[in-house]
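For clarity, chains are labelled A, B, C, D, E and F in written order, and residue numbers in each chain start from 1.
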Amino acid sequence: MKLIIAIIQPHRLEEVKDELYHAGINLITVSEVLGHGRQKGVTEYYRGTKESGNLLRKIRLEIAVNEEFVEPTIKALIKGAKTGEVGDGKIFVYDLNECIRIRTEERGPNAIG
Amino acid sequence: MKLIIAIIQPHRLEEVKDELYHAGINLITVSEVLGHGRQKGVTEYYRGTKESGNLLRKIRLEIAVNEEFVEPTIKALIKGAKTGEVGDGKIFVYDLNECIRIRTEERGPNAIG
Amino acid sequence: MKLIIAIIQPHRLEEVKDELYHAGINLITVSEVLGHGRQKGVTEYYRGTKESGNLLRKIRLEIAVNEEFVEPTIKALIKGAKTGEVGDGKIFVYDLNECIRIRTEERGPNAIG
Amino acid sequence: MKRFKFLLLGIFTLLSQLVFSQDVTSKINSGDTAWMLISTALVMFMTAPALALFYGGLVKRKNVLNILMQCFITLAVVSLLWVICGYTLSFSPKSLIPGFIGNFDFAFLKNVGLGASDTYATTIPHLLFVIYQGMFAVITPALIIGAFAERMKFSSFLIFVIVWCIFVYFPVAHWIWSTDGWLFKLGVVDFAGGIVVHINAGIASLVAAIMIGKRKYLKPTPPHNLTFTMFGAAMLWFGWFGFNAGSALGANGLAANAFVVTNTAAAAAVVIWFILDLFFVKKPTMLGSATGAIAGLAAITPAAGFVDVGASIVIGAASSLICYFMVVFVKNKIGYDDALDAFGVHGIGGIFGSIIVGVFASPLIQSAYSGLLFGNPKQLFIQVFGSVVVIVYSLVLTIIIFKVIDIFMGLRVSEKEEAMGLDITQHNERGYTVIE
Amino acid sequence: MKRFKFLLLGIFTLLSQLVFSQDVTSKINSGDTAWMLISTALVMFMTAPALALFYGGLVKRKNVLNILMQCFITLAVVSLLWVICGYTLSFSPKSLIPGFIGNFDFAFLKNVGLGASDTYATTIPHLLFVIYQGMFAVITPALIIGAFAERMKFSSFLIFVIVWCIFVYFPVAHWIWSTDGWLFKLGVVDFAGGIVVHINAGIASLVAAIMIGKRKYLKPTPPHNLTFTMFGAAMLWFGWFGFNAGSALGANGLAANAFVVTNTAAAAAVVIWFILDLFFVKKPTMLGSATGAIAGLAAITPAAGFVDVGASIVIGAASSLICYFMVVFVKNKIGYDDALDAFGVHGIGGIFGSIIVGVFASPLIQSAYSGLLFGNPKQLFIQVFGSVVVIVYSLVLTIIIFKVIDIFMGLRVSEKEEAMGLDITQHNERGYTVIE
Amino acid sequence: MKRFKFLLLGIFTLLSQLVFSQDVTSKINSGDTAWMLISTALVMFMTAPALALFYGGLVKRKNVLNILMQCFITLAVVSLLWVICGYTLSFSPKSLIPGFIGNFDFAFLKNVGLGASDTYATTIPHLLFVIYQGMFAVITPALIIGAFAERMKFSSFLIFVIVWCIFVYFPVAHWIWSTDGWLFKLGVVDFAGGIVVHINAGIASLVAAIMIGKRKYLKPTPPHNLTFTMFGAAMLWFGWFGFNAGSALGANGLAANAFVVTNTAAAAAVVIWFILDLFFVKKPTMLGSATGAIAGLAAITPAAGFVDVGASIVIGAASSLICYFMVVFVKNKIGYDDALDAFGVHGIGGIFGSIIVGVFASPLIQSAYSGLLFGNPKQLFIQVFGSVVVIVYSLVLTIIIFKVIDIFMGLRVSEKEEAMGLDITQHNERGYTVIE
């Protein structure tokens, strides 16, 4: 089992959700984060005072999948999120030791989907 | 050392915190996420326009524990969060390589608690 | 590759960002979380009703780095976040199996920076 | 829906044939009219947005729209009800049951013209008096929302508002404010609604809180947005000038007195709650100050046209003290869940003010009215009597209404709906987006 | 910038030499003046904060400041434009083109004094009439913001507002409200701006929505903060009393009538939208109720000084019904992206109200005006004619203005800017902090 | 607490024995009274919610309730102080120290009746004049909150407000607005508080910002909720009509003129700030426009009853220009931390307006008052003199007051409290829930 974390542009969320859905991935956890990457943060001004280096809004997706779904998920994420411009984000993959469905107390690969 | 991530229903947070407390787990990090799982997202209407497939509010718990606390933590989470209905959430367990307490710069299992 | 998660005090964010920057770490993902640790939650009162055990606001940093950057990152985090008082937070380190830059579809250590 | 449209068409046909009294220009004082126009708008402003902000900020995020919707729909539904039958039942000087309820002379506002009324507010257009009073009818049931917040079925709520207006608000308003009212004739005074509005709504709130039962969750959650609550409190204070000084029904010295004592009572109440907070929870709280203001405003309402500035300080301060103990100690002791303290603040403040006016009413403000301190102990007894009558009436009727609604449609949302929040389950909407 | 300052200095020198008419005390009625002062403030309140809250809550978080800025800058720019040339072009009884547009007699408010006007609102200071009408000029283009929300370039928006006021609003106001206006002379009535404000802005909104094109994103996003929208709707309702009852231009029975019918029409419209929501989406929605209120208020605007309470219920209810179908069904069928339904609510409501006043105008309210139901079918034809003229004029002129701006500076922000949000790309600011 | 109650009872007993002057009906003009009633409510509205929204949106989330609480408690405490001793010290025509401070003739509002005053505002109830002026006393110290935001101890703040009112506001108001005031007798004019309110509060803000020191954090944080700031600015603009046009003390041509120039000056100031933003930061900002509006409004305040529309455009525009440079360049150069620019906007705008009225005052508005441009250079000197006197007085007294408070109780919260936020450390509350 793997856990996939993706940081994407907020306005690609709908596309990413669609692509994941078509790849058969329905279970996701989403949160709002701020990111600082290669993308230059937009400059803000408040009463003439410059605030640069600001963090940009990003969406963080957390998707736990069984091994065979890892590559399809990555593909779907890239398909939905890629615009080719700086700021498109990253995908991180980790090992997942255990997964438990709270409702049924099932464990392991069965609990993921 | 393990890291346990739990996605639970928002209204079970208090119960879960209580159960964790009784199991001797006091250190947690909590955040608000949106989840899409088996639970059918509630339909929303805005001026008659349907918005389905919406993400539902969930709470994400992050708990770093030493090995011997893994099972008690899982039990406490299930006890606090389980209602038996779709949407109760999941628990994910990972390996944690290192843990550092910033205040004291302690490392390893001692830093967790 | 490792993933470093740090939970810090909100008012240390600017210092931490500065220290990371000086250590050559520019890519981070930040989010707001609530934490319950050794620090006693502040008591709140609403129309005389006490609400104790409340969660405190913390900032969560997520930083993916190659091995050689792990220690510098930890040092920078400690330097920026440490005040010596309870509540300073924790740093957690995990193994990262894979990292993909969405824009270029690069993988592995090259995609991290 | 179709039926409703037919009804509307029927109403219209009826109305089109009416003859409006047309002595428009006679007697009307433009200054009084100007003040009453804006006062009416101010009282409307109290229900929405002010009360919506005040109450909305206090609930959980998932229930905020439900509160707002309850305020808004009360404004709409009671506005209609008022022109259809509310005004006539409340204020018609002729009665169906003498002293108890008006007849239908003014149903659909027939016989109400652009000219002044012979009976009420004789220097402003009769229509203006109607709508001014209508805004009081709107806010009264809206206050009760605080009691059953976060758990009442929306459909049951709506039925409750309509039925409660007809069987409780209109009669009580008639008793006290109509020239035909039996309590009016007895000499009960209520300048701007201490009895009619605050006691009435407060007692109904107590009943509501008890009959609907407690909210289901382990621990109390803090208000989701206290800034809204503060903005709402400030806006209520602002609108209350229309409520109290408007009740002079003209732009005159009496209005000025009501304005000043309203402000001073609110100020004194804030200061006392502040001090009590300091004493009991060690820090002055924003929510406390906002609550104190409302406690002072509720208490000065029945008295604003009868007492002087000195008395207003005492009334505001004492009301704050009493409400503090109700809300902070007594409620938790007894254990009913008056979610936003509609009874604890409006009810208690209203009772205190309605009675205490019998002590402080000064002939220097209105020469016809004196209280105990000015040698007229009788007024105090009358005030106690009037208050008790309305307490009992509101109590009994509200119990009956809640009971009947409970039997036919139930009062509460299901436990699961309560957990998910009323916004999504009652209205298919959410107040705020989380992620965009 | 420098040029602008020179211009200002020039203007000033000019003005300092003017002689103000000084018959201040004559004829002025203090009650009427009091009501018009506060009515003017109320109409100002509608543009900001009320409309800003209403519209601002409906957009995505990343575009909220852009909406607020559009409302605020419209208030500032049109306020200036109005005193410079707007008032005189709209209301000068002498004309550049007879019947079509005023001359420059009142440019920079020269010849406008503290005394009463001979022509308009003869019981209040002329300056007060000027500023009251100015607030109508402010809110009209502000309404259009709803149509092109979340995608229009700010610079183009600003030019559009100025040009549109000059070529569309000022002439149309002249036609209908100036004693020299050709539609006025024809007998077209428009009590508080059903044609001048709502049809005018509504049609421009339709054009804007179509010409600027749809927002780019896969699916609609829910309003980022529906509580703001509700507070805004309630504040609009509140301000609308100044808009409609203020249009009586005095504190009198007519104002009282306008006040009551405004409230009742809004209430009826809320109830109908509520019922339609129940029917079509199974749950009553907060956004629906707020939208319904605006639909009712827009429709009663032209009629408020002519119809009685019964008619107002029908007008509010019917407007709500029609707007519901426009917004929920027709818009999605046709497929233009009137983002916040400026056309669907203000335009449609305004058209309906402006025509229907020809049916319901009752001689019992103003004896000089009767509609179809009171034996004067001609008024209905006149109203249809007036409405159609303004629809066509606003349509054609707005198309031309948008086209020209598109050619010279473009209408839309880039796709990337739209994705990032207009707050950061147009104003270098964000509405809210995420992390602190 | 007990002592306080005894005090209150004492006050009451005192008051109950007073004889109110009862010539209620004589001379009172209902139109003027209507306008002053609503104007008073509007000025109250400025302190809360308007200023609370404006300032509250600008601070960090963790300090928002502290700002709101400061506004709210100022409203309460100064309201009480005003009726107890503020009004009499400020406005009693008889004096303790001739020309400098009033005597106690009107303490606890004794001798203030429902009838008109002989001295001030002779067409409205004396009580109404009292409360109208009271709202000015409320908002003045509230403005200073902007200077020491996010770091002042709440207890020290509260003592400061009370002491500052007694030793600074009441005397200065007496000097300029009392018929006994020495600056009044000298001929200093201040229509609605350019000197008394804005210079006074502005200078105190500068002192406060410098004496309390900078906020501790590495970089400035953006405003936590700019939408609140915009809503607040719009509501301040709205309330300012009561502030300025209300200062005509009646519903007349002068009020209309004040209304128009207030609106136009604000509009011009917004446009200039907009242009400067375009020039210096390339994009027009919402915060800039809101700030500009306040700069224009502050500057027109002393002039609103003396200058014409042309002059108002110049005054608004120039004030915006000057304040822009103060806030954006000078402040950062000098380096004091006037957190929300209370000095940079209110102080500077107030100084500019108070002086410039000596240039632009036109006899066509009030025949008794002319400025430099109308052949009366003396007025300019008088205005400069009056402004300088108040600047020096406010400066010195505020320094002393801050110093004394610092010695006895300290000014600042601890560094840790500042880091945690003032909401939780000063009030044990939080503005918003994060997770529910």
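Worth pointing out:
The criterion applied here is as follows: a residue touches a chain if its C-beta (ideal position, glycine included) is under 8 Å from a C-beta of that chain, and two chains touch if they have at least 3 such contacts.
These numbers come from a predicted model, not from an experiment.
Steps from chain A to chain F, minimised over paths through touching chains, total 1. More C-beta pairs touch across one of B-E and A-B than the other; that pair is A-B.
Centroids built from CA atoms put chain D at 51 Å from chain C.
Our note on geometry: chain A versus chain E, Cα centroid distance of 44 Å, whole angstroms.
Between chain D and chain E the centroid-to-centroid distance comes to 33 Å (mean Cα coordinates, whole Å).
Mean C-alpha position of chain B lies 18 Å from that of chain C. For chain A, the set of residues that touch two or more other chains comprises 30-32, 34, 44-46, 55, 85, 94-95. Within chain D, residues 29-32, 34-35, 38, 62, 219, 222-223, 251, 281, 283, 285, 287, 428-430, 434-436 each touch two or more of the remaining chains.
Taken as a contact graph, the chains are fully connected, with every chain touching every other chain.
Residues 10, 13, 30-32, 59 of chain A touch chain D in their complex. Within the complex, the chain C residues that touch chain A are 3, 17, 26-31, 62, 64, 94-103, 105, 111. Those residues of chain C that touch chain F in the complex are listed here as 9, 11, 14-15, 18, 32, 34, 42-46, 55, 57, 85. Against chain D, the residues of chain C that register as touching in their complex are 44-51.
The touching residues of chain A, counted against chain C in their complex, run 2, 5-8, 31-38, 53, 55, 58, 60, 74, 77-78, 81-95.
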